[in-house]
Structures are given as structure tokens and as C-alpha cells.
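I'd like to ask some things about the structure below.
The letters A, B, C and D name the chains in turn, as written, and every chain counts its residues from 1.
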Amino acid sequence: MRWEPDPDADPAGYTYTFGGVPAVAEIAPGTLLSTWTMDCFGGRVRAPTDLASQVCDPRMLNPQSGPFHVTGAKPGDTLAVHLVSITPREAWGVSSTVPFFGSLTATPTTAMLHSALTERTWIYEIDTREQVVRYLAADTPFTATLPLDPMHGTVGVAPALGEVRSSLAPGDWGGNMDTPEMRAGVTCYLGVNVEGAMVSLGDGHARQGEGETCGVAVECAMDTQLILDVLPGRATPWPRLESDDFWMTTGSARPLEDAFRIAHQQMVTWVAELTGQSIIDAYQFVSQTALTPIANVVDTNYTVVCKVAKAHLPRVVAMDGVHARLRTLAAVHTRQSGSR
Amino acid sequence: MRWEPDPDADPAGYTYTFGGVPAVAEIAPGTLLSTWTMDCFGGRVRAPTDLASQVCDPRMLNPQSGPFHVTGAKPGDTLAVHLVSITPREAWGVSSTVPFFGSLTATPTTAMLHSALTERTWIYEIDTREQVVRYLAADTPFTATLPLDPMHGTVGVAPALGEVRSSLAPGDWGGNMDTPEMRAGVTCYLGVNVEGAMVSLGDGHARQGEGETCGVAVECAMDTQLILDVLPGRATPWPRLESDDFWMTTGSARPLEDAFRIAHQQMVTWVAELTGQSIIDAYQFVSQTALTPIANVVDTNYTVVCKVAKAHLPRVVAMDGVHARLRTLAAVHTRQSGSR
Amino acid sequence: MRWEPDPDADPAGYTYTFGGVPAVAEIAPGTLLSTWTMDCFGGRVRAPTDLASQVCDPRMLNPQSGPFHVTGAKPGDTLAVHLVSITPREAWGVSSTVPFFGSLTATPTTAMLHSALTERTWIYEIDTREQVVRYLAADTPFTATLPLDPMHGTVGVAPALGEVRSSLAPGDWGGNMDTPEMRAGVTCYLGVNVEGAMVSLGDGHARQGEGETCGVAVECAMDTQLILDVLPGRATPWPRLESDDFWMTTGSARPLEDAFRIAHQQMVTWVAELTGQSIIDAYQFVSQTALTPIANVVDTNYTVVCKVAKAHLPRVVAMDGVHARLRTLAAVHTRQSGSR
Amino acid sequence: MRWEPDPDADPAGYTYTFGGVPAVAEIAPGTLLSTWTMDCFGGRVRAPTDLASQVCDPRMLNPQSGPFHVTGAKPGDTLAVHLVSITPREAWGVSSTVPFFGSLTATPTTAMLHSALTERTWIYEIDTREQVVRYLAADTPFTATLPLDPMHGTVGVAPALGEVRSSLAPGDWGGNMDTPEMRAGVTCYLGVNVEGAMVSLGDGHARQGEGETCGVAVECAMDTQLILDVLPGRATPWPRLESDDFWMTTGSARPLEDAFRIAHQQMVTWVAELTGQSIIDAYQFVSQTALTPIANVVDTNYTVVCKVAKAHLPRVVAMDGVHARLRTLAAVHTRQSGSR
């Protein structure tokens, strides 16, 4: 199944929130969904002379593709979002510094009396054949070639408590977590809060550093294929990810130590469940095995990821094996369509 | 040169602070120093029935080997500490939960009204031949075999402003940073605050997870070889590390986002200096290239590491090439001695 | 004008969010609105044997009276909410400890591995004649008589960016700020984000300590009179309050220092505007004159209030004098009606 | 007894730390100590043209009078510091903005990429007869007259664990708490960590706002009289204060919510002890009665004060009544000497 945003429509009609928006389509579990996502600026920042603060409406940032109503998903279930492929749609990406946004600047929340840092836009060349992006410094002739590593900054569902949250915010509904772990081949698990889950995604990044230091990754429109599945009656309090090699939990909160605490408490609980260990033993086990990359320190909540290698827990299967099943299904789908 | 702690001495005479203690020895730059370090409990927790809160004096935790007076080191210089080898000294290591210490518990600082979590001690088998540690859960028959990955939780110098800081604290003097990046083969750079730098090290870990979630790694006595060097007239505001593959900065502070900010601001400044880029360009470059593992969220300050791969900056040499020079020198030393 | 919630209606139909709910009534600026608000538990916790976690639905906490559509209020305006009178409706109030909620306990955000603290309910006697509340300890015969000091924990408007926020959250839309400064006689200024402002209020407290330490004040149903007014074309980025004696700004964020920074940056800006001082001079002036009580350290954002005494700035008039005007209007209204 | 700092001595010889310095004098409990303290800049900033960053050595800020060795004080005791009188010594005070210091600016810890805010010095007139200070704005003719409210930013003892801490830092040893509650008439309780307690004080403020927003109060040299007393065998984990009207606890930590948690957990414990209530009842009582002013959000730790009015707990006596006893003794002393 294919659903596409309309780049010629009135931008006011795009989806800028998780929750509060009617579904654009209904998707049955197991269907391959082909879509694409606009970049976080809605395509309005295209040259070094385009400054986000001048060409973008602050109420219309980070448009999402969706929300999709997933057949049968009910509050209390878990939605599995398997990312089959994520491919930059254009040969360019964009990054920038945005006034009073980022981790090394005063912001409206970390409020200070400083003037804004210099606003600037960088255009990257994206070379999908060489699988690299090319960076050009603005003030000197310095250049660098960096590996292409496409991912989605934003994947989420409608929040609990009837809340509607901006697509700029991450939280227990997923949203703008901005973790480079959200790559093709990964399955993201999200707790369902409303009928149909109402899942959407966007904010494609050709690559980003951990922490997304200046607040803006190598942003680009993205061609993406995904398969959704529902695990009925299984609650997932905070988003989790599974790759072929890692189990991952996330926490999104401020201060950053609370994001850490959430991710690690979730991992301790999960490891206890997966291995039959007591909570205190699982606490010990996670203490010696966790990898803990920071995802973002720039959004309205900060995000931390906790990873445990599957190699440390051979024979353990999580979430009823849905990741392996969707991997296989993705292979079948892509073989049939001949697409990547 | 060899210096050894005396395990039979009165523990009150060991070194438990950075600063405030006379040197145990003078070391000339370039000399290979062979030493060993006691575990963080001073060897007093040796069995599952030993509880740290019962067998340890809280004033005598984390004993350091040193301080060493480095010939010629002066305030304003940088001390390079090259870790030649780090090898567990015994066939066992120990971890534990300590009442009101750790990231998923109330503490004296994150003060609450909860009772302490269960106190427990785990003894690990350390197998240096197989290069693994073996974990046994306490409450169930669960076991796991994990890679050996020896490191020092603590490397530091005397602090500035005449301060004397507990070996439990990390900060701009180094100290208890608890990062698994402090492995053999790495060079740690520390700003010198007093004549002779007064460097010491300890807190060997057979391995640890990123964040040191429960507050205690696989603690063990460690045989360690290092070479010290001095970079005169070069200030290093916060500890940095260099491996063959990465440049790394650290920040130690609370809340955790301030540790992140320090590490990333330091990296932006360093990249600007190394590449000639402007600060705003370096901010952009770091935003797309940083890896950002959390080191600890349990000590009196929390530590974050920012890493940039040397592969992204070919031909760049940092700190006058001292890391490569000490790598070579270490190879000469170890070839001569035939030791690991 | 009078609007009343219907205590016999289906609780699912009450208002639990700021934004996302149609107006219950239209109010013209200057009208005296008489209403009452249910307590934060919707009246379901009435005896020491009633435990909130058993008798309340977590999706139906903190019901609001409203939202009211204020005639003529437009995005970019400021809404002035003048609290004419706030009187407990019943002779009792209730407080409690709620599992994993409060400042001295682990929470879902400050996630840990502790069991919950003891859940308990305290019923207070409210004596409006003596103007006191009476506290009875549960475990000992200790009792205390404390001054009655009625206030609203929650006053807010529909948020920006199309967000809908739970009535448990405070932020730049106001909401659950839980400051004891929200007393009768005070004017609260809120930036308008949507047509009609959509203001609502609730969460009456017979009194509370600063910080609302355990998360629950002396909660009670409240009879409240208020007058609304609109200041066209004047933006108010964060809620402000004005009493006869103080100008006050608020900040709601995590960590708590960010709430402090917001409130103080807002006060510096406001003082500069009111006195004609430069920003750096106003920074100096606020540094020597601010009173800074903490409001709450328990909600999804923490709230700090910054107060500057009018006595320090004689002859200064803020917000076009609307506070004094509404004070006078309130006196006229209440004289006419003969009510308190 | 009288002890005076020598303003003509080499500033390098003054006391800039808690701990690590030999006693300047021995004081017997109950003796009236008359001393004076230099301002935080050591008197080097005396005119609007004096900029702290130019005229001060950063290693020599906040000189303390002391340390005093208190006869008989032993680790595990509590030291009572009763402030008999605090009087500005000169007719002027000074405040300033210091580059990268303060709550509304990037700092070395909240590290960013901003340039420093404008550095500026304000000289205040101190009028002890009118009991006011007079402020002159620098950029406009604005002036203000503010109440004189003298206090000490710094009162502390030698820390635990053999640490030596800069006089710029607050913590469980007291130190640079910067609370305006440290007025004449107040008794400050500090846990003793070393023989003789080694108490010192300094950092006089003619007045300050709560939070000390820009980092610098109205700093001045101060004539101070105090009486010390020892409560043997009574531990005080964090500094407490007692005035005629309030019991107060303090917490100093980062993030600010941890300072809040410490102060409130200490107050809950103290109220339980003073009233015989259970901990959960005391938690409830403090939740409805605490006043919680912020002290500082600028030092290396942030400080929060929790206050409970004695009026709420009639007949309760704390700390064996030492405050009332020292109040009486102070009256006797000052009557004898005829001094204020």
C-alpha cells in the first residue's frame, strides 16, 4: 500500500502533532506501507541563503506522514513499527543553526540574557551510490565526507490522557526522539493509547550525531517502507527498539538523568522478564552490559537510549519474536516488489 | 620504574583524595611506570556474604595508587597519561548494590523517603585466558559470560583552587569518571593545577556498562603500566582521551545535560582548533559526527563522553602527536621487558 | 453570570485538558463570572479509607471548570484573570500520598526500583468562620490548626502549536502551576493562543506549602468569582501575576533551575520595560530585589515564582493598570451582589 | 574575644577554602567573638570602572575570616553559630556582572557557545542610619532605595572525607549558601566533621534577592559578632537555621530539585523528631506548611531553604533550646559591651 503527502497542498493542512488529527489512511497489520516524508522544514530551506527563521512558520515545523489508523490496535496493545527501508529522496540535505534552539545555546526554556548565536544554513550533498554525505564548511574551505546513515527522527502514536503533542516533542508516545538507532532493519515498539494507534512518522535524517548537538541533523525528504503489526494486550510504557543485534529501551524527559533513569529502569524490567532473573539481579546484569548513547539534548524532552547486545543473552526471544517475523516478511515484500 | 601499594599497611594511610596528599614517588616523563591498584573496596568485599556497608569504612573507599609527582609538570601544562596495559590481578571481581548509591535509587542527594534497595554482593570469575568474566545471578540459576574489558574508573590530578576532592568524585581534574573508554592503549589528557601534577589512579573495572547503573562495576585489583608525559604551556580545561580511532572529550557535572554541554563545547572548540574551522562550522561538524556515550550517572558528578572518529578527519594530528609517540614508546618498553 | 459543573453528569464528560474541548460558555470581558470547581479527585476521595489509586480513574483527575470562550480574545493578546473570591464549598478538604507521585518519591519520570511509599488519605476540617484548617495526624494523636489560605492550583488557556495538555501539567499556557500566590485579589495574565482564549480553572486548595511536597495540597471544591479582561495586541510569553503588593512572573519547566531561569528572565525583561532601565541594569535590580518561592516540584513541569515588591518601584503601573481597574470593578460587583 | 583579618597582608595568605587551613584562633563555646569580614572581592572592586575580571585573581575570591577552632567540637557533634550582629563596615557596597557567572548566562558548567554578557560594576551607597541601600542604574537615571538587610553568604566548617572545598562552593559543610536568611538573630547549625569544627565566615551582603540572580549581591565588608556553641553527639547532616519565628533546613546540590529534595527530606525528618509524628504524617504536615525560598542558583551547587513557622508548632523546642539560650546570652554580651 502507498500513501503520499501532497507537496502542493496548503502546508496548514499537514500533520504537526501526535494526536488530534484524523487518520489519512487505514493500514492492516502486515501490509507493506510505502510512503515518503517531507524534511523538518517542509522543504522551505533549500540554499545557504534560506534561513529557517525567515522562511518557516514556527507553527508548521516537522510535518509528519500520517497518522495511520492501524486495524485492530486498541489501548493497552503494543504497536510494532518495522522500518523496512529508509532512502533519501533527493541528492541534498540541509542543516542549520536556529536562533535559541540547540544544546549549546540559551533557549526559551534554558532562558538567559544572551543574544542568539549566528543563524546559518549548510547544504549537504547526499550521494546514495557512494553511501556518503558531503559537508562544506561555510567560513573556510574545509570539507568532509561522512557515511550516509538514514533514519527517522520522529516515529510516534497518539498520546495518552487525551493529550495532543507537537511533532517537536518526544515522550512515552515516541515522537521526536531523534535517535540514530531508528534505522532501516529496526523494529520500534510503541504502547497504543487510542483506537487505531494513529501512528505517524517524519523528520528524516541522512545522518546525525548522538545528541543532535546544534538541534538540526542532515535533514532530508525520505522514501520509507514500513510494516506495522499489533501485539494485543501487551503494554509498552516507553518506546523500545529491536535490531538484529540489540534490544533497546528509550526514555525522554528532563533533566537528562531522568531520561537515563527511565531507559535503564525499563531495561532492568525487560531483562528480568526476558531472563527470569529477579529485579535486583537484572539491575546488576544491566549495570555491566548496557550501552547508553544519548539521542537528543535539544528537544522539549531529552532522549537517552539503553542498549543490551543480544550476544549477551543467547536464546532469548522478545515480544513473541515479532522482529524476526517482520524481518522475514520485509524480505518477502521487497523481493516481490524488486525494490530496495 | 615500579611503585606498589602496601596491602598490609594501615588503610587509613592510603590515598583517598585528589590533592592534599604528599607524592609517593617522582616520575620522569617517558618512564614506564608499573604499579597496581586495589579495588574500590580496598579488597574487603570478597564473598557474596560480605556487604560493603558492613565491612567497609565509608571514609576509606576507592584507594588510589599515587599521587605521583611528575618531573617538570607545572600549572597551565597538560599531563598525558598513556595507559600501556591494564590487567586484572586476581581471578575474581566483585560488584554490589550499596544502600542509597546508584542511579535507580534514592541517594543522599536525590533525597527521598524510601527505604534502601536490597544490598547484595556478586562475585564474578575473571578469566584472563578466555578474556571473559562470568556472572552468576543470585536468585535464579541464570548465568552469563561477558567479554573482559579492563579499564580504570579513576585517573586524576590535584584540583585547582587549592581544593582536595574525594576519590569518589569526578570533575575537571579527572577523578572518578567511570568511563569504559579508559582502556589500555588510550592516552588521557589532564590539565595540571599544581607543581608535579600529583597524578593518581585506581578503581579498576574488569568491565562496566555505560552509566554504571547500579553504581558498582566488576571491581578488581589491577596490574597497570603507564607512561606519563608533559605538554608544556598547553591548557586542557576538561579531561580528554585519545585512542587510535577516536578523539574524546569529557564533562562531569550535574544535571547530566551540563556534563553533555561541557563535553560537546570542548569538542567543538577542539575540532575548530584541529581543523581551522570557525566555531559555528565546528558546531555543525560535531552535530553530525559525535558519538556520545554516558559514562556514569551515579557519582557526585555525572560524566558524559563525546567522541569523534579520526576517520572523519584524516591527516589531523592532535596534541603534537603525543599519543602516537607514546604508543611507540610503549611498544619499545614492553618489547624490552617482554611483559604484556 | 453563573456557570456550574454538573456533579451528577458522567465524569468522562468533564474537562481534563487545556485545549481540545469546546467552550462551555461565552464570557464578555468585565462580566463577573460565578462558578465552582470540583476538587482534584472529582469528589471521589472523602474519607481516610478512600485511596485515590483505588477510587479514581487516572484518566479523570483534576477536572476543570470551563473552558470559557472570552469574547474578542485573539492569539497575541493577553488574558487577565482577576480572582475576586475563592471560598471552600464544603467543611472538609482532603490530602493524600499517591503511589509514585510527589517530590520525595520515585516517579514514572524519576524512575527507580523502589516500592511505592505508603498510600494514605488525610481529611482536614475546613472552618471558614475561624479561617483555619484542622489537621489530624494518622499514626499519632498529633493535631495542628493552620491558617486557611484558599487558592487555585490550576488556571490556564488553550496551549500554542495546536497542543492539548493534561490539566495535570503546567507550562506557558498556565495550567497546574500550584502556586499559593493564586489567591483572591490577584490578577493572572496569560498569553492567548487561540480564538477566545478558552480559559478554565480548577484544583482548589484550602492551603498548600510551597513546593507541594507530597504532591497533594488540602484539596477542596471551591466557590469562585472571577472577572476576565483582554489586553489586545500584548503578548505574555509566560504566566504573570499581580497582587496589590507584588508583580510576579512564573516559569514551569524541568529541571527546576530552568523554571527559575524562565521566571527571572521574564522578570528582568518586565522590569526593564516598566522602568526604562537597560536589560543589564534590570538584571542587577532584580538580583537584589527578587523573592523567589518555589511553587511545585511534583507536577510534569516544576514551577518557580519570581516576585518584586511594588514598594521598590513606586509610581510604576503595569499592564495598563488593568489590575487596579479590575480590583475596583470587583468591589462594585460584590457590593451589588452583597456576596463576599 | 576579637579576631581581625589583616587587610595589609599578602592576599595569598587569606583563607579561601573550607578545610585545609590551620586555625587562626581557638574559641571557647559561649564566648562572644567580634570579627569583621572582607567583601567577596577582597576589597579590590571599589568603583564602576573596576572590573572584577581585571582586578581580581580568580584564585583569591571570597576570603573567609577564620577558620576558628572551637574548643571541644568533635566529629559527630553539631556546631551552633549564633549571629549576634551583622553591620556593614563601610558606607558603600558593590555588585557586578562577572563573565560566565550568574543564573542567566552560560557558565563553565552550563557550557555554551555564547560570548559573555556585558561586564559591569555598580556601587551602592549603604546608609546604616536610614537602614537602606541606594542603587543607581548605569545606563539610565533610574534610582531605587532598598531596605538594608545584612547577612553572610558564607558560613561553614571543614568538610567530611578529608575534602577541602573552595569558599565559592556550598554543600553539607555549609559554605557559600547565599541565603538571605543568614541574618543577625539567627542560629546556624552545622555538622562537625573534624576536631574543632574549623568554622569560618565571610561574603557579607548588605542585601540580596532570593536566587542571587546575577551571582553577586550588594557585597560589603561586614562587622560581625557571633557566639559558637557545641551540641555533643548530635549529627546534623545538612545545615539548618533557627530564627525566633522559623525552623529552616537547607539543601545544596544540582539540579535545583535535588537541593529542594534534600531540604524537604531534612525538614520531614526534623518535624517527625520534634513532634513525634510518623515520617508519612510529617511528610503530609510539611507539604501543607513549608515556605520554600530559593537561596542561590549561581554557585557550584544551588541552595534551597525550607522553612516551617514555629507558630504552626507551639510548644516545640528544637536542638535542646540552644537558640533561645544563645539569644539570651547575646543580649547579656551586648548589654555589657554597649555595642549593637
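For the reader, a short list of remarks on this structure follows.
One rule holds for everything that comes next: a residue touches a chain if its C-beta (ideal position, glycine included) is under 8 Å from a C-beta of that chain, and two chains touch if they have at least 3 such contacts.
Values in this document were obtained by computation on a predicted structure and should not be read as measured data.
Across the two interfaces under comparison, B-D and A-B, the one joined by more C-beta contacts turns out to be A-B. Each chain's centre was taken as the mean of its CA atoms, and the one lying most distant from chain C is B. With centres defined as mean CA coordinates, chain C is found 48 Å away from chain B.
Between chain A and chain B the centroid-to-centroid distance comes to 33 Å (mean Cα coordinates, whole Å).
Spacing of chain B relative to chain D, judged by their CA centroids, is 35 angstrom.
Among all residues of chain C, those that touch two or more other chains are 104, 110-113, 117, 254-255, 261, 264-265, 268, 280, 283. Those residues of chain D lying in contact with chain C across their complex are 95, 97, 102-104, 117-118, 120, 122, 133, 135, 137-140, 142, 144, 146, 207-218, 254-257, 260-261, 264-265, 268, 275-278, 280-281, 283-294, 297, 302, 304, 306, 312-313. Across the complex, chain A meets chain C through its residues 16-17, 19-20, 59, 108-113, 160-166, 168, 237, 251, 253-255, 258, 261-262, 264-266, 268, 279-280, 283. Residues of chain B touching chain C in their complex: 104-106, 110-115, 117, 255.
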